[in-house]
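These are the structures, in structure tokens.
Heads up, the next two complexes both have subunit A, just with different partners, subunit B and then subunit C.
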Partner chain A sequence: MSFIPGQPVTAVVLHFQLSCALQQRIEICKLRQGEHLILGFSIGGGIDQDPGQNPFSEDKSDKGIYVTRVTPGGPAEVAGLMMGDKVMQVNGWDMTMVTHDQARKRLTKKNEDIVRLLVTRKSLEQAVRHSMM
Partner chain B sequence: MPKQDSNIQKKIDHEIRMRDGACKLLAACSQRDQALEASKSLLTCNIRIMAFMSELQRMKEAQVMQRVALRSADAGPTDDRLPCKGKVAISDLRIPLMWKDTEYFKNKGELHRCAVFCLLQVGAEIHDTDMVIVDRTLTDICFDNTIVFSEASPGFELRVEMYSCCSEEDYSTGSTSRKLASKLSSSLGRSAGKKLRVAMDPGACSPISNGGGATLLLPLPTVVGPKYHLLAHTTLSLSHVQDSFRTHDLSISGNEECSHWVPLYGNVCCRLAAQPHCMTQQMMSGCLKVKFGGDPQSWTNVYGVLKGTNLFCYHRQEDVEANIEPAFTISINKKTRIRASEKDRHNKAQSICISNHYGGEEVTHTLSADSREDTHRWMEAFWQQFYDMSQWKQCCDDLMKIELPSPRKPTLVTSKQGSLYHEMVIDTSDDISTVTDILARRMEELELRSQLGTSPPWMSLFEESPGCPRTHNRLPHSPLRCPRPGLLSSEASLTSDSDSPCSTSPCSRYSGWAEPLSLSSPSSHFRPRTLSLDAKLSTLRGRGYGGVLQCSCQPPSSSSLAPIPAQCVPQATLSCSSSTSSNSSSEGSHSPELSDGTPFSRPSSARQSLRNLRAKLDPRNWLQSQV
Partner chain C sequence: MDTESTYSGYSYYSGRSRGSHRHGERIRDHHKSRSKDGSRSEKSVTINAPPAEPLLGDSSVLGEEVQDDNWGETTTAVTGTSEHSLSQEDIVRITKDLEDSVGLDCRRYFSLTLAVVLGLLVFLTPLAFLALPHLLWPDKLLVCGTACEGLFISVAFKLLILLLAVWALFFRAPRASLPRVFVFRALLAVLVLLFVVSYWLFYGVRILDSQDENYQGIVQYAVSLVDALLFIHYLAIVLLELRQLQPAFSVCVTRSTDGETRHYNLGQLSIQRAALVIIENYYRDFSVHNPALLTASKSRAAKHLAGLKVYNVDGEFPASPATGPENNAATGLAHSQSRAMIAAAARRRDTSHNELYYEEAEHERRVRKRKARLVVAVEEAFTHIKRMQEEEQKKAPGDVMDPREAAQAIFPSMARSLQKYLRTTRQQHCHSMESIQQHLAFCITNNMTPKAFLESYLTPGPTLQYGRERWLARQWTLVSEASVTSGLKEGAIFLLKCIDFSLVVTAKRIPYIQLSEEFIDPKSHKFVLRLQSETSV
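Entry: the complex of A and B
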């Protein structure tokens, strides 16, 4: 994704955050590895977690689920998921008010081969900055 | 009928044997989770026995009624058509919880935990789900089991019962059973009472047989151990069957005062599917002649198979087995009209006319069988099919998928050993919050000791690495990869007190904030983050554990948990960790093995306030999971 100066960026106002954010729909096809289906990323967060330690969130009381790492070359990276994305929905299931374990379970259902995520991303500029680090 | 009687009797005997086993196990086991499982088996056996007994009773009554009916004069041949049976499956049970704010954010005290499971009953068939431990970190109770009842009638009633048991009591109430035994023996007759007394002896839970030959089942013998109580129930029937998830209301018994209380939202979500046999089995088959429309000459010979909402017409009978596509298919559904037509001049037998509407047009097929009897049988089959479809209603619109339940994961039973690690039983629901409690308890002990001045070197491990172990996902298959840690998380929350970031490490982007395990570079020897629960706790145990830990990577087990050791943890890490107790600088990234630079546990000064320690052991942390 390249940052084109001057192009409008979708802005979504999230709760009490006035940040520039993009909503992305990401469709990840799970990859079979042996007897496991993997997506190729890691998540952090949850309503049972301490949000102050989330390095990705702007609002340190945000207890949402964030992508903390994306395995290079994995299905998630191929689908366009980026580190720092906040996962809002998975296949229609809400992920903004779930425990960490619940979030993990919703992503790793064995009978689902494809997960469709709705994620929010900080502004393009910041995203570019991240990816350059 | 006597054959069915003996069937049920055999089942009762089997359940009684299981119950004996469960009693003995319950009396013998010392670990809480084993006791919970045994108690669950006991309850299930008891309920099954009662269901079988009622079934037996019902059958005996039916026999008597039948005999009476035969004797009476006006018993004509009953011509009642019975609907076909079917498979009913319930799966993906999910029960949302509704914790109170205060309960949810409580920082102090132990997590209040309950063990929960469900019983599902259709007729005399009772299945149980796995047991799930519930605490305030769960928002829903999920039972992953799929339960299939193979022979259900369309008027079935599926009773869902949820049982819960507080998971924290002390179960050693030996005197209660004795008291109860003496009470019972005094209220019954002398000889029966004596027998009861013997039976009440813990360990001897078999039923007494009286002279009549039938076994006398005691009121449930008092067993020492956790006891489940009915928390909620609901009944589902054909109207609730749908090929998707639905939410149903639960009737809740009990209130907040009960020890076994779990705050239920009041609903249960599940998928209730049904496959009537008329949809899955061949109800009728045979040779037919088929004519399209009104053309008198175009009779085709086919082999017809009536299944579900279709009459499949194959060229030859062999095609059915060979899975070859049928020549054509005639719909037989709710809108189809079938009638026997008048005798054709050319045919001796009656024909059957089947009319369907395909997109506004009426299409008629005429069938003719070889003989009168065959025609009659086909008509009978069609009538039965219509009847079944009217009884099974929405289940006959389309075939609902039922996934066969996968083989149950074997419950892990840990052997009793001295180490802290082995105290923990990991149940199949991936929840080892028990570890937090044990660690918390241990930490409290240590606090006391540290207050006395002695601070063991490994104490520093816990300075900034609060333990909230959670199992994470399945082990990746390749033996090269080290399994995920995520346990006694050194990765969580290292930031708070450390102000020297691992800036030397290229990988850590956030000061002190830990990175999860990288699985994509298998070539690496090991990662400091794979310090498994076992490793950490071995240091706890060993205090300067010098030996090298088991270094074999554990092959992935069928169950999804494996905090079980055998992760590649070379000794170097341990010595690194134990040696860091003395310094306070950022040590993690300088060790050669920690080349990934991920920060490890960072001890600061040995003295921490009590409150700090408690906060660190708070189960809420910033965990990460690989998916």
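Entry: the complex of A and C
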């Protein structure tokens, strides 16, 4: 916040969920479809993949897991997940330095019905930055 | 194929004053004069038949009215002369050749005699060295042993090789005549003469005067002379033949009329020899010079000039006779007039670019249309001819034609479309009816397709493809600021003038290339896949 003497100070009211450093927690309840538990989104990326082809990352050497597609009407969309989000944690497990297959496995554990994701969003950062200026 | 260039009087006198033997050039000139005499008799019956008329001969056969829409384009006038007429060009050319030949004959014979004399001197000297002791003091001489007689064989074979080598290098028919003497040959002749004279001096003083009895020593002396002559011949090969092979200069040759440019790599040559190489390559590489293609730009230039006129309303006459101050005023007036003209021309809004664009598009369309008609006509004409097999020859002996008659039989069906195409591309004066029929007979004989027959008419070929009268091989003049016997240098510029055009030649040195190496281990070629998978969860 910039303070100019004599001018009114602008204050930003941050939402409760945004209080932890530009990241968002999303809770997705898996949907049972036939014999599969699906979450309703697709992931791309990983340390064994080529980061240059990721359309959502700002830094083209970022090998993190990104959400590439969200099925309309699926559990992920209902929970508020958006395309382009970078998945940082799944149920407490770190997702920034995993291979693509490890990420898939962590998301599709058969004994879990709810996954709690910690995601970062570009638009989120920009919105906060703009409001703070 | 000889080329002769006109020589200035300066070069003639400079050659004489050198006092050296120009036997190389003499030989070339001598051979050239002999061949020229043979060709001169052909020249008196050269026929320059006007090309347009003969191709129209078939129109009466077809029976339709000849309303040739391009009749206004034919520029040649048919004069009512006989077959043995000479055009003005021919007369000028013949008189010029006569003058040249009378002037150069003495030069050629002089150099030829000098060359023959030098050759005989060189060849007979070792033999004289061997024979004179036997003639002058036979009784005092020691007997020639085995080693000495073995040296006789060596002398004989070396002299034979020297004879063949000198003939191969110096005495063959020249292919061109250059304006100035060939410097290296002159220098070599001087060197050989000095060499032989010094050997004779030594022989005269130390052997003849003292009447040496050691005949083996004399024979070895003669062998050393022949060896040294062979080494001089080796030097001659390096100077005359090898030095020019390694490329050192890149020359850029541009034709002044239409800007066609080629680049050649040459070795270290004198300017006149480089000019000779360039002319020989010109005949092979450059398309034939067609003055009819340049009329369009000339008419545009004339239109530019005709657009503006300068009128002087102040009453001063710039053409008045010159006295000091008045002259300055006149030139100042002329300068201001030309500057005013340039400024006015720049401001004038003219649409000549528009005309040029549409004219070119129209011409292109017309050429393509005529070409399509021509190709169809020729293909159809070729289907009427079939090569007869051996077995059929015995069965049906009637109505069999040789290639020339076959060409004459199918020519009328394609003649008109070919003539129209040549007129549109302005090539009609390059091909006469006789040459077209000859070419057709040639293609029929060699089983060529219609496309192969047409190739020489669709694209203008090199000058050698056309008749001899287009070669203009005797009309080249070398124009150079530097002496023509000096070597090519970086940035040398000279001109090769022919009658209608000139070739501008610039020389540049080929750069010194520094090549470095880099080693790649074959095991270092490793690859990974670029993955980007997407998984649905």
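Assume the second predicted complex is superposed on the first by the 101 of 133 C-alpha atoms of A that agree within 3 Å, B and C clash if a C-alpha of one lies under 4 Å from a C-alpha of the other, contacts with A are read in each partner's own complex, and residues count from 1 in each chain.
In the analysis below, a contact is a pair of C-beta atoms (placed from the backbone, for glycine too) under 8 Å apart; a residue touches a chain by one contact, two chains touch by 3 or more.
If you're wondering where the values come from, they're calculated on a predicted model, not measured in any experiment.
Legend: residue contacts after superposition of the two complexes on their common chain; A:E35 is shown touching subunit B, with no touch to subunit C.
In the superposition on chain A, contact of A:T68 is made with both subunit B and subunit C.
Legend: residue contacts after superposition of the two complexes on their common chain; A:N111 is shown touching subunit B, with no touch to subunit C. Within the superposed three-chain model, A:Q102 lies in touch with subunit B and out of touch with subunit C [touch as defined at top]. Contact with both subunit B and subunit C is seen for A:Q49 once the two complexes are overlaid on the shared chain. Touching of subunit A by both subunit B and subunit C, each in its own complex, is seen for residues 38-39, 41-44, 48-50, 53-54, 68-69, 100, 104, 107-108. Those residues of subunit B that touch subunit A in the complex are listed here as 137-140, 142, 403, 430-431, 470, 472-474, 476-478, 492-493, 495-496, 509-510, 513, 515-516, 518-520, 556, 618-627. Considering their complex, residues 38-39, 41-44, 48-50, 53-54, 68-69, 100, 104, 107-108 of subunit A touch subunit C. Of all residues in subunit C, only 530-537 touch subunit A in the complex they form. Against subunit B, in their complex, subunit A makes its touches with residues 33-36, 38-39, 41-51, 53-55, 68-69, 71-74, 97-105, 107-108, 111, 133.
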